[in-house]
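Before I ask anything, let me first share the structure, which is written out below as structure tokens.
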Amino acid sequence: MADISAVEIQVLFFAKARELCGKKESQLLIPSATSYDNLLDEIVQKFSLEPIRDNLILAINEEYATSESEVHLKEGDQVAVIPPLSGG
Amino acid sequence: MADISAVEIQVLFFAKARELCGKKESQLLIPSATSYDNLLDEIVQKFSLEPIRDNLILAINEEYATSESEVHLKEGDQVAVIPPLSGG
Amino acid sequence: MDFVKIVNSKLSVEEISNLVSSPSCGAISLFVGTTRDNFENKQVVHLEYEAYVPMAEKAMKKVCEDIRGKWQVEHIAIYHRLGIVPVMEASLVIALSSPHRAESLQAVQYAIDTVKSSVPIWKKEVYASEQAEWKENTE
Amino acid sequence: MDFVKIVNSKLSVEEISNLVSSPSCGAISLFVGTTRDNFENKQVVHLEYEAYVPMAEKAMKKVCEDIRGKWQVEHIAIYHRLGIVPVMEASLVIALSSPHRAESLQAVQYAIDTVKSSVPIWKKEVYASEQAEWKENTE
């Protein structure tokens, strides 16, 4: 039996995402097993990121996540909202 | 009628050519109209450059000369003996 | 060696060049990204950079690894500055040393392209008379 | 602007980088040629450079002209050092600035190749235990 409990993760915001939601980081309660798209939906809704929804990717524990993948999260995991890169 | 008088040119030596002939520059009396190959022959013989004869090109007044071309020289012209380049 | 650093202060091209110099190398190739005073006819006052620092450092180390898989280079330095970077100052310095020149010349181009496309760093362009804008690397 | 110079003293990467920096440019690409401590398993003590100076300066200016015919670059600097250049020190520094990075990256590669093949400068490699040799650019 899959153990789909709710876990509290840390969400980080950068650049435009940080400005839209007005903070650098926050907490989010989320099922420990979910899909990339669900996780993105939750974050976009909760943190008012609709304007840039189609231009975001998520990084989970400092690794870029791939859309349409299964996501397994545990307490304290770090999910970062990554707008289009523009370093250099 | 072509005026083929003898002119005195300045000859400059660099790198291996300078070491072989033992000087940085010299004078040479040469017909004012000649061929590239004759000019090269004269210089190679006069200044003991036989060991590197096939690896030289001449520059006339700071322009690379092309083999098999006609050469017109006037008094005081500068001919440089250019071994293979190795700057950088 | 790989020197990867995210700093909040001015970058020195000389220091970073010295960092990668090596007695066994005949070539150092460097790229310096600087703040340009204009974008599409808008006057740029400065750029402001922010990074997801630990992930950015990881990504920069990954760029170094990838380079070593492709070219024989001796030392690699990738330095990125954060915060406000005034016009003409450097936001990014990449330096690579190699025994022969071809390697470092090819690798520096790969390095800058890959830093731009893979490292979580963002710049906001601040204009003289319009609202600031977060940029997107496209080049 | 074109900065072309043949000098008998140490080259400063920072100075030459500053020379080409421009408010309208977002990129500076640099190449530094340094003395390597070995060649075909022979220990190199230092390099000794000599030039046909006035012709070399002309040829370096010609390289700048050619670059401007091919790429949109802002400033170009080509500095070559003569005399003894110890291991790890620079004999050649090329720096170019451009609005966008592609131009200066492409141009720097062309610049170094063309300097090596067209500028009347020669180097002698001085070894620890064998006779010194005049080199020939082939790469």
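Each chain gets a letter, A, B, C and D, in the order it is written, and its residues are counted from 1.
As a convention for this text, a residue touches a chain if its C-beta (ideal position, glycine included) is under 8 Å from a C-beta of that chain, and two chains touch if they have at least 3 such contacts.
Since the structure is predicted, the reported quantities are computational estimates derived from the model, not experimental observations.
Visitor: Based on which chains touch which, give the shortest step count from subunit B to subunit C.
Guide: Steps on the shortest route: 2.
Visitor: Measuring centre to centre with CA averages, how many angstrom lie between subunit C and subunit D?
Guide: Each chain reduced to its C-alpha mean, subunit C and subunit D end up 22 Å apart.
Visitor: Taking the mean of the C-alpha atoms as each chain's centre, how many Å separate subunit A from subunit C?
Guide: 27
Visitor: Measuring from the mean C-alpha position of subunit A to the mean C-alpha position of subunit B, what distance in angstrom results?
Guide: Each chain reduced to its C-alpha mean, subunit A and subunit B end up 74 Å apart.
Visitor: So what's the Cα centroid distance for subunit A and subunit D, whole Å?
Guide: 49
Visitor: Quick check: what residues of subunit B touch more than one other chain, meaning two or more?
Guide: Subunit B, residues with two or more chain partners: not present.
Visitor: For subunit D, write out the residues touching at least two other chains, lowest number first.
Guide: 33, 112
Visitor: Check the chains against each other and report every pair that touches.
Guide: A-C, B-D, C-D
Visitor: In the complex formed with subunit C, which residues of subunit D make contact?
Guide: The touching residues are 12-14, 17, 21-38, 87-88, 97, 99-102, 105, 108-109, 112, 139.
Visitor: Of all residues in subunit D, which touch subunit B in the complex?
Guide: Interface residues on the subunit D side: 33, 49-52, 54-56, 58, 80, 91-92, 112, 115-124, 134-137.
Visitor: Using the touch definition up top, name the residues of subunit B that touch subunit D in the complex.
Guide: Answer in residue numbers: 12, 14-16, 18, 55, 59, 62, 80, 82-88.
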